[in-house]
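Please find the structures below.
Shared chain: chain A. Partners: chain B in the first complex, chain C in the second.
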Partner chain A sequence: MLNYLLKRLGLAALVVMAVLLLLFSMLHMIPGNPAILALGTRATPEAIAAYSERMHLDEPVLTQFIFFLGNAVQGDLGNDVFSNRPVTAVIGERIGFTLALICTGMGWAVLLGVPLGCLAAVRPGTWIDRITGVFSVGMIAVPSFLVSIWALLLFSLHLRWLPAIGAGEPGDLSDQLSHLILPAFAIGLGWVGYLARMVRASMLEVMGEPYIRSARAFGLKPRRIVLGYALRVAILPTITLIGMGFGGLISSAVFAEIIFSRPGVGKMIFDAVSDRNFPIVQGGVLVATGFYILVVLFSDLLIAWLDPRVRASL
Partner chain B sequence: MTDDTLLNIDGLTLDFRTNRGRVKALRDISFPVRKGRILGIVGESGSGKSTVLWSILGLLAGNAEVMAGRIDFEGRDLLKLTPEALRAIRGEQISVVFQDPMTSQIPVLPYARQMSDILYRRTMSDNEKRKAAVEMLRRVGIPDSDSRVDAYPHEFSGGMRQRAGIAMSMLTGPNLLLADEPTTALDVTMEAQMIGLMRGLREDFETTIVVVSHNLGLIAEMCDDVVVMYAGEVVETGEVHDIFHNARHPYTRALLECDPARIADVSRKLPVIPGDIPDLTRPLPGCIFATRCQRVMPECSSLAPPLVPRGTGVARCHLLDGPLADPAWPPPPEVPTVARDAGEPVPPQVRRTAEPLLDVSDLNVRFRTMGPVRARIRGVSDPFVDAVLDVSLDVKPGETVALVGESGSGKTTLGRTILNLQQAAGGVVRFEGKDILGMKESRFKPLRRDMAMMFQDPVGSLSPRKSVRALITEPLVIHGAEGRNLDTEAERLADMVRLPRGFLARYPHELSGGQARRVGVARALALNPRLIVADEPTAGLDVSVQGEILNLMADLQAEHGLSYLIITHNLPVVRHIADRIAIMYLGRIVEEGPAAEVFAAPAHPYTRALVDGVPQPDPDRRRPPAAAIEGEVPSLLRRPTGCDFVSRCPLAREECRMAKPAHRNIAPDHRHACLFPLRKTPELTETA
Partner chain C sequence: MSVPPSDPVPAEALELRESASRERREKLSSFLSDWQAVAGLVLVVAFFASAIFAPWLAPYDPNAMDIPARMSGPSWDHIAGTDQLGRDTFSRILHGGRVALYIAAIGVSASLVVGLVLGMIAGYGPRWLDNLLLLLFDAVRSFPAVILALATVALTGPSLTVVLAIVIITTIPSYARVARTATMALRHTEFILAERSLGASTPRILFHHVMPNVIGPLLILAAMEVPVVVSIEAGLSFLGIGVLPPQASWGTILNEGYLVIRDTPWMVIAGGIPLILTTLGFTFLGEALRDLFDPRMGRGR
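For the complex of A and B:
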């Protein structure tokens, strides 16, 4: 078990490195000198040279990368090119908004999608199954940024039920929650469909397994068979899907944060890319990658905890 | 309904709605189940025997529709009960033992939880439920049951799982226990143990048992009463002795005569029931067996046969009563009623003096158990297990050699290694004198024309998207059949395996088990091989069909001089087709010799356990309950020191634990690996 954990964490470190290397080279391949961007077009060549030296911009890319890694390990992700504040601080004040958005988005999708899938699987061919089927496909097919725009137009502009932009007043929890509803709805909607379909498919498969017939033959209550037996097995592939889904949600969050002007990490990365604000981009991607890897690791551990066969093979 | 009837099925008629139309799966099924007795329902696949079982429980598939009839249990008609009332009976008064313990127990819950769930209707504390579970596991023979109760199903071996399955079904002390093919998924030695266990439980708990099986031996050994089903009808019922010694329905008679375990004379030709089960969407008005009956009369296909009672049961046949009755029917048991396949018995073709076609000597196959890094960390110097250990074996031209062993004996690994599908750790494999072990695939490929494989799962090993024509010519295409007309070849091969040419356009899912097996044979034959390695050639086939395949294999051998290496666990079948038998246990050959001799006078105690382990289809030859050898095949990781069989051998002595016995010859062609063989050795000659 400990072995497995160490192995996974080691792999995670390698993945982070690979992602950063890829990002680093991409940022240096696109045109635009970050020193000119930071200092303005009228900066003297001396100032640019001084800045470049301070930021190690004159070194080869690989050396720059090693500098960055070395600092990152010590918790220093560099400074914002414009405000000169530490990247960690900039990310720190924004990450909460993104985490709240992603978790709420996935949370409501799980709370609605899993029971819907279960219900559809328990009563295959009935109206609830058909409606779930049609709506799932519809929800999956519409991109989350369109949902965002429509939700914004309908609920904020037209009906005026919910606020349109921002993340709410700091310290005012109910205001913050009311600002969270629309973007979370928008990014979670497709996942309701995904999860409902996934749970339905694996539930249908499991409900046909001989051990479910055994449970019936022993006279267990239908509710116990569905929730305690079938779902217990059928949820395992869904957990993997949810874990990987967090990766997709990070990119959905970028759109939602732009459309709803939420001050989250996604919007921050988007702005930083347009501004060639390299340290912010690097830091943002590092945090996003790390978050994703941790979620996937957590989902794998959850499966191991739920499935003794997986546990035995660790 | 008399007083001693626990369950009475009367006129049960049931349809399945399918896209081919209504399949009339059960038609007018009637029989009583008597209190405290074991009733066996026997029939081939498609007979509806399992459907009867699931009707009793009310757990039929969604497309099933009960058209008529009643199932009376303790004064109530089970077919009219509400789902709630039926659920109250299931698991409490009627319980079930399932066919495959590998799939019928939920893998993610420990036994303690699964068993206390069954007791949910009882007002017991969790602790009392756990105690009850431990007690029942102990009763069915699970050691250390107070700790093993927390195990998950995958932590148990196959035999232990089935024991646990029986414990789960007996936990509530049901009046009626239904068992659906309870030993089909188990090895021979396990089967014998389960039969003993269930008979013992019947004595202790006075439970009535209904067991469904296609295995005549199991039925004869376990049951008091028998119901014979064919194509959705009950054709005959009666007490076990009457059914096995005085069968009155031609189908019962034929079924018994086809069982290889009952056929005393060893010839290569086995009896078969020609034809297939009729199409049940449009069953004939007359007798359902008329299309395959050896005593069919013109009236049989139009006139419903009469139900003729006798002391302990009924039979449904024109021969027994009415204007068509034949007083000479049934003939005495020794007179065969089923024709053996056309053609003379095949004379043995083996040239004993010839150079062996396949010659395996000292072959070893080892599997890695852990990675090299972990092995070093844990200080394991030898992180391997021996799946095949020092095996020597040869197959002469025209000879059939059977490799027999239980699951985990390494027989399949050996077969794969010979065909260069598995790497060996040492030894020599010669084919026609050429050393072929570890040959590169590019060099080995031409040899694959001479060595063909028949796979175990006939349908699963055929691509579902290819027609039979494409499937049987596939080997030709792979090995470059330049200038050959594939259509002609397909027809030639279909004729060879006696598959009607119309079948060439079909797809695997449209074939019956026997037909799919013929396609497998045709594929193996496509390149005119000299050796065919057949992995369980009759597994999953009905008794009446398995004879057809074995006869076909024998004919092909006679015509083409083929050699067979047959890998199987089925001893009764092997006795009829093999010239020589090699018995494997834990990767080692423990005995090898001429088939008849090995059967008649086994030298190794394991061989005797296997031979005795097959339940005899004769209720007069029941074994005492303690006859089965104990325990299970140990894991390769825990290979016993000394003789491999020492942990289960009833005759083990101190010396057996010291060193592995070497192979010794009793006769020039009969050798064994036992220090204290059951047969006296004339001269002790050690072989290398």
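For the complex of A and C:
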């Protein structure tokens, strides 16, 4: 396990490096002075000089990259072009809204999707199986941003059940929760069907294995066989899927935050793009990808911990 | 050779050919008896037809304004209503389908070709190259598509080219991974070893012998990727970082509809329906094709 852990951590570190390199080289791949690009319309000669000084633009590119890397590792992602506050502080204010949204969205999808998949696998061919099947394909096909728009239209503007905009009054938990419901519903909806399908498919496969037959022959209760023996193995591909799927979930969250004007990291990046506030864009992108890499790493480690066969394969 | 040249086709070979064509007939009939497959096929054909013939099908010029009739709901004159400039939404949807088709066709085929080549190289080439390419795929996949698009647009400004580039870059790794796995499985088979011992060059082996065996699953994957690509285009255009107004695209219709969502619901309703029908069609078709050619991966019913 330790061996696997070290290899997997090394791989994640390499991927983070590659992401940093891509992010760094983006500014340099575009022809023109990176300082002018990054500062946009505010590029006064003094601002350009200060930025060049800060980013060591007069040094060779490799040296610049090392400085960039060193700053990033120390948690210095530069300053907001407008308020001149550190990017990390700005992100710190926003990230809670995004994490709450992503966790709630994935959470309700798992709580509904996994039991649905189990039920469908235990009773194949019944109405619950068929409804799950059609529902899951249908939901996967609908882009989440469209779910967000239509949910906003139906539940906020037409029925007026839930608020349309913002994240609620700070400190007022019930208000914040009511602002969380619609975006979390929108980003999780596609996942319910996806998870149900995945769990159903791997459950059906596992239920045919000899060790399940042995468990039956020993006279174990069906509930115990399904939950204690089959699901434990059948959930593994689903965990990988959830880990990988966080990338899509982050994309959905960006849309949901923009559509519902929720002040999270996605909305922050989007606004920074229109304002050409490049340090914020860079920092936000780094945080989003870093978070995704961490989730995938965590899901891989979880699987290796649950399934000894995986440890040997890397 | 012990077989005399005048020998007719052996009976077993005939039987084999017979059973292959029987199998093909059975596959076709099982495809046609699956309502999801037929629905998928119909929707996909409708998508292609409406996009290609949009200029002839559209009742109005997609950019013709009619301010007095602005933001009207569905009526006999405008079956999907009009937008805030009085443009006919149905005509704009038809023309928007052309953008979706354009992105889907170019995006999917480009990433399929690049992914195929990179995947075969990774699967057949030396170990270090494989590891390097895998690392590259992992790095690219660590960017959620929208995040990568936002980062790019911050530098280049919005355009259709950016959308295409994002679509191609973010979908290459999935093709490459499938091609890589399939190539690795083939690498030590006898016919490839035989080619190598005959002195065939690596490109010849890859393009003449490996590729025909790898391309099948990739084409099915391509059908499944079309909804992803169409959604990315619509999503980026919705954010205003893809297709630029006044050009009609499903995403820009949704974007303009979102801006006036408190005044009229019809634009976001009408703009979303073709998007759903298209993604549903390709998903159904892709699943049916996969069930047909790779039953092991299928829905297992």
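Everything that follows uses one rule, which is that the second predicted complex is superposed on the first by the 262 of 314 C-alpha atoms of A that agree within 3 Å, B and C clash if a C-alpha of one lies under 4 Å from a C-alpha of the other, contacts with A are read in each partner's own complex, and residues count from 1 in each chain.
As a convention for this text, a contact is a pair of C-beta atoms (placed from the backbone, for glycine too) under 8 Å apart; a residue touches a chain by one contact, two chains touch by 3 or more.
Computed from a prediction, not measured in an experiment: that's the story for all the values here.
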Which superposed partner A:Val281 touches (first chain B, second chain C, both, neither): second
Using the superposition on chain A described above, determine whether A:Ala18 touches chain B (first), chain C (second), both, or neither. second
First, second, both or neither for A:Tyr211, with chain B first and chain C second: first
Could you look at A:Val273 and tell me whether it touches chain B, chain C, both or neither (first, second, both, neither)? second
A:Pro237 in the overlay: touching chain B, chain C, both, or neither? Say first, second, both or neither. neither
Across chain A, the partner (chain B or chain C) reaching more residues is C
State whether A:Pro163 touches chain B only (first), chain C only (second), both chains, or neither. neither
Quick check for you: in the superposed arrangement, does A:Arg224 touch first (chain B), second (chain C), both or neither? first
Chain C residues touching chain A in their complex are 36, 135-136, 138-139, 141-148, 150-156, 227, 231, 234-235, 238-239, 241, 254, 257-258, 261-262, 265, 268-269, 272, 275-276, 279-280, 283-284, 287, 299-301
Touching residues (chain side chain A, partner chain C) in the complex: 11, 14-15, 18-19, 22-23, 26-27, 30, 37, 124-125, 133, 137-138, 140-143, 145-146, 149-150, 152-153, 157-158, 201, 204-205, 247-248, 250-251, 254-255, 258-259, 266, 269-270, 272-273, 276, 278, 281-282, 284-285, 288-289, 292-293, 296
Could you pull out which chain B residues touch chain A in their complex? 57, 59, 87-92, 95-96, 98-100, 103-110, 117-118, 120-121, 152, 154-155, 168-169
What residues on chain A touch chain B, complex-wise? 209-221, 224, 228-229, 232-233, 306-309, 312
